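Shared between the two complexes below is subunit A, which pairs with subunit B and subunit C, respectively.
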Partner chain A sequence: MLLLQLLASGIQTGLIYALTAAGFALIFGATRIFHVAHGATFALAGYAFLETAVAGVPWPLACLVSLVVAVGFGLFMDAFVYRPILRHEGSFFTVFVAAFGMVVVVQSVLELAFGRSFVSYSSTLTRATAVLPGLYLAPIFWVIIAVTAAILLLTGVFLGRSRAGIGLRALSENPELLRAFGLSARRLSALAIALGSALAVPGAVLMAATSGLQPSIGPHVMLISLAASIVGGIGSLRGAVAAGVLLGVTESLVVSILDTQWSESAGFVLLFGFILFRPRGLLGQPVPR
Partner chain B sequence: MTAYLLNLATLSAIFGILAVSLNMLVGYAGIFSMAHAVFFGLGAYAGAQIALQVIPDVLLAAIVAALFAAACSLCLALPALRVRGEYFVAASLGLQMLASTAFSQAQALTGGIGGLVGIPPPMLLGLDVSSAPAFLVVCLAFLALCLIGIRLLMRGSFGRSLMALRDSESAARAFGKDVAQLKTQAVAVGCAMAGLAGALFAFQEAFVNVESFTLEQSILVLAMVIIGGVGTLAGPLIGAVLLLLLPAGLSFLPFIPPTDIGSVQQLIYGLAMTLLMIFRPAGLAGRSVGQR
Partner chain C sequence: MIQRRTLLAASAASAALLLADRFSAAQEAGSYIIGTLFPMAGPNAEYGTIFTAGAQMALAHIAEDKMLRKPVELRAEDSQGTPQGGATGMTKLANVDHAIYTLIGFTGVSKAAAPIGQRNKVVMVNGGGVGPDLSGLAPLFWNVIPLIDKEIAAILPWLKAQGSKRVAVLYVDDPLGNAALQQMTAALPANGATLAGSFSIAPTAQQFGAIAAKIRDSSPDAVYFASYGAQQAQIIKQLRDNGVTQTLITYSAATIPSVRDLAEADGLVFTAQISDWTLTDPVTQRFVKDWRAKYNADPTTYHQNYYNAVRLFGMLAQSLEKADKPVDGEAMRAELLRVRRFALVGGEGSFDDNGNIAIPIQINRMKGGRAEKIG
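Coming up: the complex of A and B.
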């Protein structure tokens, strides 16, 4: 039964990872920007939700605040960090370091504002009850599954059917041709970043309600979404989701064999293995070397 | 006060070696490692064990630490040969996370979270160099050796091939350069110097634990290199001194509570990294792109 319990909590974390990784993969796929500040977006969204909800604002409104903060931060990064860098030189490493600097900045600002300790949002949804003998699940488990499924479905429909979604896919395949068709690559990449940042919100809210938040969640989530999008295959949304779940479940199941300290590293062993033996990931295209 | 300044100077020399060695990977070989603290740590543990188990000789500890770190650098060279760019950064991040856990779990070798304590005062070929000024001289000497070594290497055929590789791997290959061998050697040399810095660090602190070898440390060293100037000889040194002076300087400001100094320091260097990348990607000591 322990195994089943671990599997359930692994799926729960894995789905949150999947949502975040999907946002990261969407941004990277469309714009080729290695948006490591996605972790900072996640942390900001989580804290925005938590602080407004704790202050007594009803939760749907708090989610909205969190959405505004996340999208705002994403667009800020696009307009004031990525654009200026890409305008003149813009090697991959320059963009990466700039984004990484912002992750450090956001973490320290959160530390200064809210302290280093764990904070969490408690509701009746998080109280666990025994579903089977030995298996305890909180109602939020089902909420997470439903929310993830709905959001991923919506994103899929948007990318597959809507005009803007098709534009985003075109941007990832051939930005030059896009311009020839009279579409603005700048506007589309801003849209990709806004959309990807919005995808961090549900994960952040659910994380605040389940395992709680702490300023260092930013770098942690950044590492996870990076790992998930590489294990899944860079640019592949479906791959990132599958890899997110895989990472969550691995982290959780490892606890049954090894010390809990190894749980976080297990995901990175997986990442390391994929990079060495299958760099294209689960569902990605072959990597140019 | 003098003791404090001497300590700061010695740490600057040690982190100078560390930053210079990372610059060799990032600036000259184009290998963007986020796992440099791992090799710093491996060297520190190796040096500490030599001092504790065999003899507290700085030279011996430094050599063993450098060799050990170079041997372990294969963990970094393997992904560097397989993938580039984003993928390699991710792989090195993975290695860093893995190593932090391994350091805190391998009780027998590293002392776990508690670390290795009571490292005996350093000797050099029978001479006692445990006094602060003497040890500073030793560290400066090692730093000078590393700088001269890198200067010679980078001026010679090895360095030029390496930079050709960084600028265009396929062109270097077309000229008959053995890419795999060059990369492996560059990683080994860079990591060996990091190991050497680690051994000195172990003697300086007389205590090592996993706290000094985490992702935060890797980021700090990377920030030193980037803020100073990638691919220059003096840049990483300037960066190392600046970033070590920063917490010291901040602690003199009365309006910042001592518990917040760490966060304020991070805030400053994070901001510095982002702003430099936007306005001056070559770093403080670097030349702008057009002049290169």
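Coming up: the complex of A and C.
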């Protein structure tokens, strides 16, 4: 029963990782912008939700506030950080440093505004009860599964069926061709960042309830997103989601055979394994030799 | 052959350096420099804020009382709560800021910084780290906080009285956590109990769902955890959320707002030094009164410790000034060992040969966001 419990814990953690990584993968897949500030978006979304919910605002409205903050920050980054850099020089390193600098700024702002303490959203949904002897599940386990499934479905329909979604997929392939079809690469890029930032919200809200938040969570989130994006296949949204689950389950199951402190490292061993033996990731494009 | 221009440039640079050094020395001659080596960013930054607040109040009181002939300046370095940060920060405090007295926290940070401080004759006072090997770490390294061996020794009889026969230990894999595990492993059998299981975690770990499952599987009567910072709150929340209903026990690191304010921390048992804010001695009275007036809340033991650390500097430097002796590391150590007993917040504090303060430990239970003394 311990293995089943570890698997359930891993799925819960992994789905939160998946939700965290999905936004980053979408943005990188469509725009090729290495959006390190996705971690900052996540932190802002989480704090926006927590602070409004703690102030007595009903949780659906708090989620909406969180969504507005996340999308607003994403669009701000696009308009005032990425766009000017890409207009002038546009080197990968400049974009990376600028985005990383913004992560530090956001962390400091959160520390000033809300203090440096750990904060969490207390809910009965996170309290696990025994569903079978030795198997404890919390209602939020099912919520996380439902939310992830719904988001994957909606994002899949948007990217596969809508004109804007197809444009987003084309954006990473051939921006010049987009212009020939009368589409604006700039607008599509902003749409990708807005959508990717919105995808940070469910993960941030669920993490606020399950593990809690602190101002320095941004880099940690970014590390998970990056690992999931590489394992899943650079730029593949579905791959990132699958990799998030795989990372969570691996971290959880490994404690059944190894010392508990290897839990976190196991995910990164998996990452190195993929880099060495399957660099295209789970669902990525083959790497040309 | 050295060119004339190169020679001129080198001379100008040397002159500038000499002038800068003299300017810096002149500045320092005007004040005592106290350095702080606290985590100011990252998951342990909450401690940095708390530690600094305690020190600042003591500085204000020293200035108000005109205890010293020269003003005291606080210079901060971010230790990031890591040994690397401790070594870098102490090097800068000693060599660039020329601090003569430093406030330090965290076991790993202290162990990395102590040789550097000792080499530079800088006094280091710890009010936050509790690893047992911090005792006698260096002649100029003192502790104004009881170390974890004292805290564990205090909780063992309580565990026995509660009938806890199987105790699981969750510990962070660093000098502090390993020391806690070692002591629990050695002491539990003598206490009529056994170690139900030991579970190590990385200092950066944030997910404890799987570990909760392993702890439940080990069927303990109580769970002792040794961690610090935001990780403590995450441990408490996730163990409770994942069905660990046994008594959770920890040490004084839990006396921070993020643990106190956590709903899941209700019932948490923790040891800490005695902090009686109702004491009537003038030092405690003034500290508590001013603290409540400034922050509209009660102070924590960490506030008390770093207040005491700075107050100790004030008293040592005052004695040395009166005796017309230099205020430096060696002189302060000699003065500490000569006087031994000082009027501090919480009553009279006495120091042993290793510079460790002696304070009794009490057992508390968290209830409704407040700590209740239970033993």
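Please note the rule applied: the second predicted complex is superposed on the first by the 283 of 289 C-alpha atoms of A that agree within 3 Å, B and C clash if a C-alpha of one lies under 4 Å from a C-alpha of the other, contacts with A are read in each partner's own complex, and residues count from 1 in each chain.
Keep this in mind: a contact is a pair of C-beta atoms (placed from the backbone, for glycine too) under 8 Å apart; a residue touches a chain by one contact, two chains touch by 3 or more.
Being a predicted model, the structure only gives us computed values, none of them experimental.
Engineer: Is this a clash or a fit when subunit B and subunit C both end up on subunit A?
Structural biologist: Clash.
Engineer: Which partner does A:Q5 reach: the first (subunit B), the second (subunit C), both, or neither?
Structural biologist: A:Q5 sits against subunit C, while subunit B stays out of touch.
Engineer: With both complexes overlaid on chain A, does A:S120 touch subunit B (first), subunit C (second), both or neither?
Structural biologist: second
Engineer: Looking at A:S236, would you say it contacts subunit B, subunit C, both, or neither? Reply first, second, both or neither.
Structural biologist: The answer is neither, since A:S236 touches no partner chain.
Engineer: Just checking: does A:Q107 make contact with subunit B only, subunit C only, both, or neither of them? Give me first, second, both or neither.
Structural biologist: A:Q107 contacts both subunit B and subunit C.
Engineer: First (subunit B), second (subunit C), both or neither: which does A:V81 touch?
Structural biologist: first
Engineer: Is A:T31 touching anything from subunit B or subunit C once the two structures are fitted on A? First, second, both or neither.
Structural biologist: Neither partner.
Engineer: Check the residue A:D259 against both partner chains and state whether it touches subunit B (first), subunit C (second), both, or neither.
Structural biologist: Both subunit B and subunit C are touched by A:D259.
Engineer: Looking at the overlay, which bit of subunit B runs into subunit C, 59-67, 149-157, 167-175 or 203-211?
Structural biologist: Stretch 203-211 of subunit B has C-alpha atoms clashing with subunit C.
Engineer: Both subunit B and subunit C touch subunit A; at which residues?
Structural biologist: Touching subunit B in the first complex and subunit C in the second, residues 107, 111, 259, 261, 264-265 of subunit A appear in both lists.
Engineer: Could you list, by residue number, the parts of subunit A that touch subunit C in their complex?
Structural biologist: These residues of subunit A touch subunit C: 2, 5-6, 9-10, 12-13, 107, 111, 115-120, 122, 126-130, 134, 136, 138, 210-212, 214-216, 220, 251-253, 255, 259-261, 263-265.
Engineer: Quick one: in the complex, what on subunit A touches subunit B?
Structural biologist: Contacts found on subunit A: 34, 80-81, 84-85, 89, 91-105, 107-109, 111-112, 219, 223, 226-227, 230, 234, 259, 261-262, 264-265, 268-269, 271-272, 275-276, 279, 287, 289.
Engineer: Sort out for me which residues of subunit B touch subunit A in the complex.
Structural biologist: 26, 32, 78-79, 82-91, 93-95, 97-98, 100-102, 104-105, 215, 219, 222-223, 226, 260, 263-264, 266-267, 269-275, 277-278, 281, 289
Engineer: Residue numbers of subunit C touching subunit A in their complex, please.
Structural biologist: Counting only subunit C, the residues touching subunit A are 41-43, 45-46, 48-49, 173, 199-202, 204-207, 209-214, 216-217, 229-230, 233-234, 237-238, 240-243, 256-258, 261-264.
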